[in-house]
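Look at the two complexes coming up: chain A is in both, with chain B in one and chain C in the other.
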Partner chain A sequence: MEIRFTLNGKPTAVDVPPDITLLRLLRDYLDMTGTKCGCEIGECGACSVILDGEVVNSCLVLAPQVEGRRVVTIEGIRGPDGGPNDLQEAFIEAGAIQCGFCTPGMVVAATVLLRKHGYPTREQIIEGISGNLCRCTGYQQIVEAIQMTVLRRGGLPEKEEHA
Partner chain B sequence: MSIKHFDYVRASSCAEAVALLSDPTHISRPLAGGTDLMVLRHKGEVQWDRLVDISQVPEMRTIVQQGEAIVVGAAVTHAEIVEHPLIQRYLPLLADACHSIGSPQIRNRGTIGGNVANAAACADTLPALVCLDAVARIVTKDGEMAVPVKDVVVGPNRTSLPAASVIRDFVIPIPPAQARMAFFKIGRRQVQSISRLSLACLGWLDADGRVAEVRIVPGACTPQTQRFDQAEAVMLGQVPTEELVRKAGQAGAVQMIAITGRRWSTPYKELALPALIERALRKVFGLPEVR
Partner chain C sequence: MSELKSLGKPTRRVDALEKVLGTGRYTHDLKIPGMLVAKVLRSPVPHAEIVKLDVTPALKVPGVVAAITSEDFVDHGNWGFPVKDDYMLAYKKVRYVGDPIAAVAAETEEAAEAGLQAIVLELKELPAVFDVHEALKPDAPILHEELAKAQAEETTSGELEDAEFIEVHGKGNLSETLIVRQGDPLSKLSECDVVLDAAYSVAHQEHAYLETEAALAVPTADGGVTVFVGDQNPFITLSNLVMTLGMPGKVRVVQSPHTGGAFGGKSDMVYETAAQAAMLAIKSGRPVKLVTSREESMIASYKRDAMEMRYRLGATKDGRLRAAKIECWADSGAYASMTPFTSWRATIHAMGPYHYEDCHVDMMCVYTNNGYSGAFRGFGNTEVTAASEQAIDELAEMCGMDPMDFRLKNCVELGDTLPFGQKLEYSVGLKQCLERVRKISDWDRKRAEYSRQPAHQEIRRGIGVASFFHGLSLGAEGLDFAEHTIRLGEGNKFEILTGLSDFGQGSRTVFSLIASEVLGFPVERFQWLPCDTDVVQECGPTVASRSTILGGNATRLAAMRLLTQLYDAAAMMMGCMVPEVRQEGEVFYGPAGQRVTLDELIAYARANHIPLSAKARWEMPRIHWSFAKGRGVPYVAYHFGAQVAEVEVDRRTGVTKVLNIYAVHDVGKVVFPQGIRGQIIGGISQGLGYALMERVEFEKGYIQNPNFDTYLIPTAADMPVVTVEFVESELPFGPFGAKNVAEPSMVPTAPAILNAIYHATGRRIRHLPANLERVLLGYDLKDTVTTTVCQVGVCERAKCEL
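Now for the complex of A and B:
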């Protein structure tokens, strides 16, 4: 069946079987492999994308469910010059990437978190990425990268915020 | 039997959904957030040849106040419930239960109707809905019916929902202003965890400081989610004290074992349930917390 939706700001139409997931649509039919295929049962968050402004596991969305809706993938998250944006630069700087498999999902989840909370607290950051598993970093550097972005976007360090 | 491929159709109203689900030429299942069905699909346990998508049916997508009740559409997501001002103001117990579910990703997809209809033993909205006396309004091909949530789920993954029906919404009476409520959950980790045990509790005191109403509903505990009336009876009409909440906790454990018998999880739950009951009663009736 043909599915029409907005993908990373562009109107998109793709002909796929009705019983595949959004994850498979992206990777196998549109060759957009930035969205990673991890557990495929909604546990790991590697396949996270933004559906109408909310972070979701693309492995749990049936492809036809995105008909008429807006999807943003990691390919749609970048700086004005097309390179990494400040959040992605912070991930590199903080050493928040080892094997890199969880990174697209982490950046997607963090992008929604930063949009929703503006200047999230450490607690909100930890909750915001709680649906994304990382088996390398122990999360510390990932939380630091997001905190770094908060600071650079004009947020205050948490202690001063509460003073 | 597992079916290899299946079709998809999107319903635009409850009536259309019921008509599609009743179509004898298909084995249809309703699809909402997909957080359970897509897992079955991945495991190769496809028992349908068509999914009827009810996740965008307008009348199932709203949270509104109707007189003395809040009406929550069955296709409202857990995240939407957590963030909704009416829920935060009148039904914080339900917000807490929904917040305890899964991860942000799961809460953005999973729906309250799906949580009830899937009827997992560990469904986190069940104890909250039963505690709040919620009534499910169900659309069938013969018309509409209203069934208390406690009677919708009759056992693990078993419901009394008629074939080819959908839950349209839940009518949840607003508790009196003096009511206090609590939801606690024990899982293996804080997020993305299946409930080992949970507890929804609600109550209020009369003018003399005695317990006028108390509802104690454990989750992931008994086959059918229910009020633990023996624990409630300990509290009712009494002035809440440390000794009383301890007795209520013990009565809860006795009632649990009377219902389930001694199971593999009993040695754990007979200690954990009284602790949860005590903690919830302390919060609801304003006794100091004990750690």
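Now for the complex of A and C:
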């Protein structure tokens, strides 16, 4: 069946079997491989995309469900010059990337988190990315990258917690 | 040493940009026209004889283009190192649930699936064994009859040789026995004031790399095949392919640009995946891509071995360690894979980095029908340290000593001798690590404060420590070398050619930094390339945290030779003598005020056919370990470290929250600060999972938790705040003094957490993981309740037939 939706700001039409997921549509039919597949059961977050402003696991969304809606993938997250935006730049600087397989999903989750909370706290950041698994980094440098972005966007530094 | 320019300074990972933009390609992402999809039929039972296997009906399924079995490979695809006991596709028998039996390639996934369903498979189930002790009984079902028979003959017919690993054999299901021998610990124990005798165990752990195993095989014009994979050593993949496909000179292995994690897990299973895809590509004449699903990956791939351990340690009443008698049983599963090597490393490290008068370690590697075990970060040391560092804590308590003081009193220092006869000659920073971690964790205050918590308090805090050592690189396992080339490439960048893989650990960046340091050019001047067996030199496997030392040194030497070439060219260009050339960054000066930039120099070299390309090989100093005597020099030197964990346990629910981890590691020299910190914190997250939640649940050989909804790994919410510091006791032959770090980072984490839980609750949990029940009740529900076996669908059809 033909599915029409807005992908990264562009009207898109694609002919796919009706029982495939959005993840498969993106990767197998549009060759948009920035969105990764790690479990296909909605547990790892590697397949995260933004659907009408909300983070979703694209492996749990059926392709026909996106008809007429707006989808943003990692390929649509860029700075004004087409290079990395400030969040992506912070990921590089903070060492938030190792193998990089979770990175697109993390960037997607963090993008929505920042949009929703403006200046999220450490707790909110942790909550915001806790649906995204990373086996390499131990998360700390990912949290730091997001905190770095908050600061650069005008947020205030949080007081150091002491246990 | 003069001031360093590039090393140890903040730097970005050289391959980060395309990862953060989502443009970097992984094996999962590769796609070429005409590509077929492959699927594998896997064993639905833990142990069976293959009575009938016919793939021809699969070929009649519309869309199916090729189907293969072990018959298609040379010598039935028999392979394996150090024990050649495995097959690219099962031959005669299957030995674990998930053992690959046949594979098909088809136009679509659905057709491939239908092809699998059409294969005629008849299995005769055999008795299976799931417990290491049961497996060693005389009447136990034998997994590898032929090997066992050959071994029995060999053992009776001659002397044991110690030159080769493989020749120290066991019998029946015992694949190897490994030992350390010093003195007579049993009689020494009877003289000790304080003696501990305790049993510990660790569970199977899944690597859980986010990218599952995959391979893309492409037939070539000369009748050969090129295979794209993400593995830990393209040359081992290559030699296994050549051996089992039988086409020397016609196989090429190329690493995909990026690999989604490995942690020791991208070896054997990837070699098999590569061979299956390659054979299907040869048979079909079409490119074939094989990607495992998460469930398939979790069921079929190897794990960290489960291990049972008995520790008997003795000390004087004032806390001086005297004797250790340690016995371990490693669950190798269906195949030997790396278990003989992981177990050897475990044997060497089982007693911890302490002085003993007498010490024996006996390690038995045992075949069972529980999947199969292989390499995983820490490679045996993670397993034994989880036990030994708890045992040390228990002994310290019996002596009435603070665990930190006890360790400081017994830990090895420069010039000391380890209990297998090795004198420590270089770079021993353990004491400094312990002292530093004591300070930064505020150990003394917190330990005293948490010890005073009233007995009725339900939410309790505790603090625990673990220290450890970890031998550098492969050690006496085998020849240990790397060979790198640095050559002029496009855009006047220098390409660093290596056979070592970077699946996220950052070795590409480390090599660029070292080249930059030697040559004096900015890091951006260097370009990395994925390993390609047609282009790069063999460097040995990317395992054992060996990249920085081996590859770092090879890079340093190659860069020095390249610098010589550049000076020669500069002298020629400026019409002066080489000693008169001066260099500042990317500018070269002559004695009479001549000045040429690197780009001008490169243009001159190109115009005058002066090659700018240098290669260099670096080898570890050779050492010897006697496998028969259990003594010698297993590793030239060691990484040392100590971690402190601070936990909060809710006694009403069993929930353990790790609040803080303080990690101090002696890494020789910090080369890539962001990378090394990432290695440590990442390792700690895997150690935290190992301590609290991770266990592959084998129920009569069937894995009960084959995806992330049931096999839980730490999320951001599980992680403590991690504070990392380094001790730099330079290794004389490490590149700029650097040592290993990737594996060691996770080794002490689990026992530090377990010791902290004990401090908080008074409950000693000797069996990992310390899940809710164990923390709450002191025992695991799994040990008391019999669950019915749920046959997690490996192949629905085959299951129904049985």
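FYI, the second predicted complex is superposed on the first by the 159 of 163 C-alpha atoms of A that agree within 3 Å, B and C clash if a C-alpha of one lies under 4 Å from a C-alpha of the other, contacts with A are read in each partner's own complex, and residues count from 1 in each chain.
As a convention for this text, contacts are C-beta pairs under 8 Å (C-beta built on N, C-alpha and C of every residue); 3 or more make two chains touch, one makes a residue touch a chain.
Quantities reported herein were computed from a predicted structural model and do not represent experimental measurements.
Colleague: Is A:R78 touching the first partner chain B, the second partner chain C, both, or neither of them?
Modeller: Once the two structures are laid over each other on A, A:R78 reaches chain C alone.
Colleague: More residues of chain A are touched by which partner: chain B or chain C?
Modeller: Partner touching more chain A residues in the overlay: C.
Colleague: Just checking: does A:L156 make contact with chain B only, chain C only, both, or neither of them? Give me first, second, both or neither.
Modeller: neither
Colleague: Given the touch rule stated above, what does A:P64 touch, chain B (first), chain C (second), both, or neither?
Modeller: The first partner, chain B, only.
Colleague: Please work out whether A:A109 is in contact with chain B alone, chain C alone, both, or neither, and reply first, second, both or neither.
Modeller: first
Colleague: Would you check which partner chain A:E40 touches, where first means chain B only, second means chain C only, and both and neither mean what they say?
Modeller: It touches chain B and chain C both.
Colleague: Can you pull the chain A residues that chain B and chain C both touch?
Modeller: On chain A, the overlap between the chain B and chain C contacts is residues 40-41, 43, 127, 130-132.
Colleague: Could you pull out which chain C residues touch chain A in their complex?
Modeller: 12-13, 15-17, 19-26, 28-29, 31, 207-212, 258-261, 263, 293-294, 503-506, 646, 659-660, 674-675, 677-678, 681-686, 707-709, 713-717, 719, 721-722
Colleague: Could you please specify the touching residues of chain A with respect to chain C in the complex?
Modeller: Within the complex, chain A contacts chain C at residues 27, 31, 33-41, 43-44, 46, 73-75, 77-78, 83-84, 88, 91-95, 97-104, 107, 125-127, 129-143, 161, 163.
Colleague: Could you list, by residue number, the parts of chain B that touch chain A in their complex?
Modeller: 5-8, 10, 31, 33-35, 38-39, 41-43, 51, 53, 55, 79, 102-106, 108-109, 190-192
Colleague: Given the complex with chain B, which residues does chain A contribute to the contact?
Modeller: Contacts found on chain A: 1, 17-19, 21, 40-43, 45, 48, 51, 54-57, 59-62, 64-65, 67, 109, 112, 127-128, 130-132.
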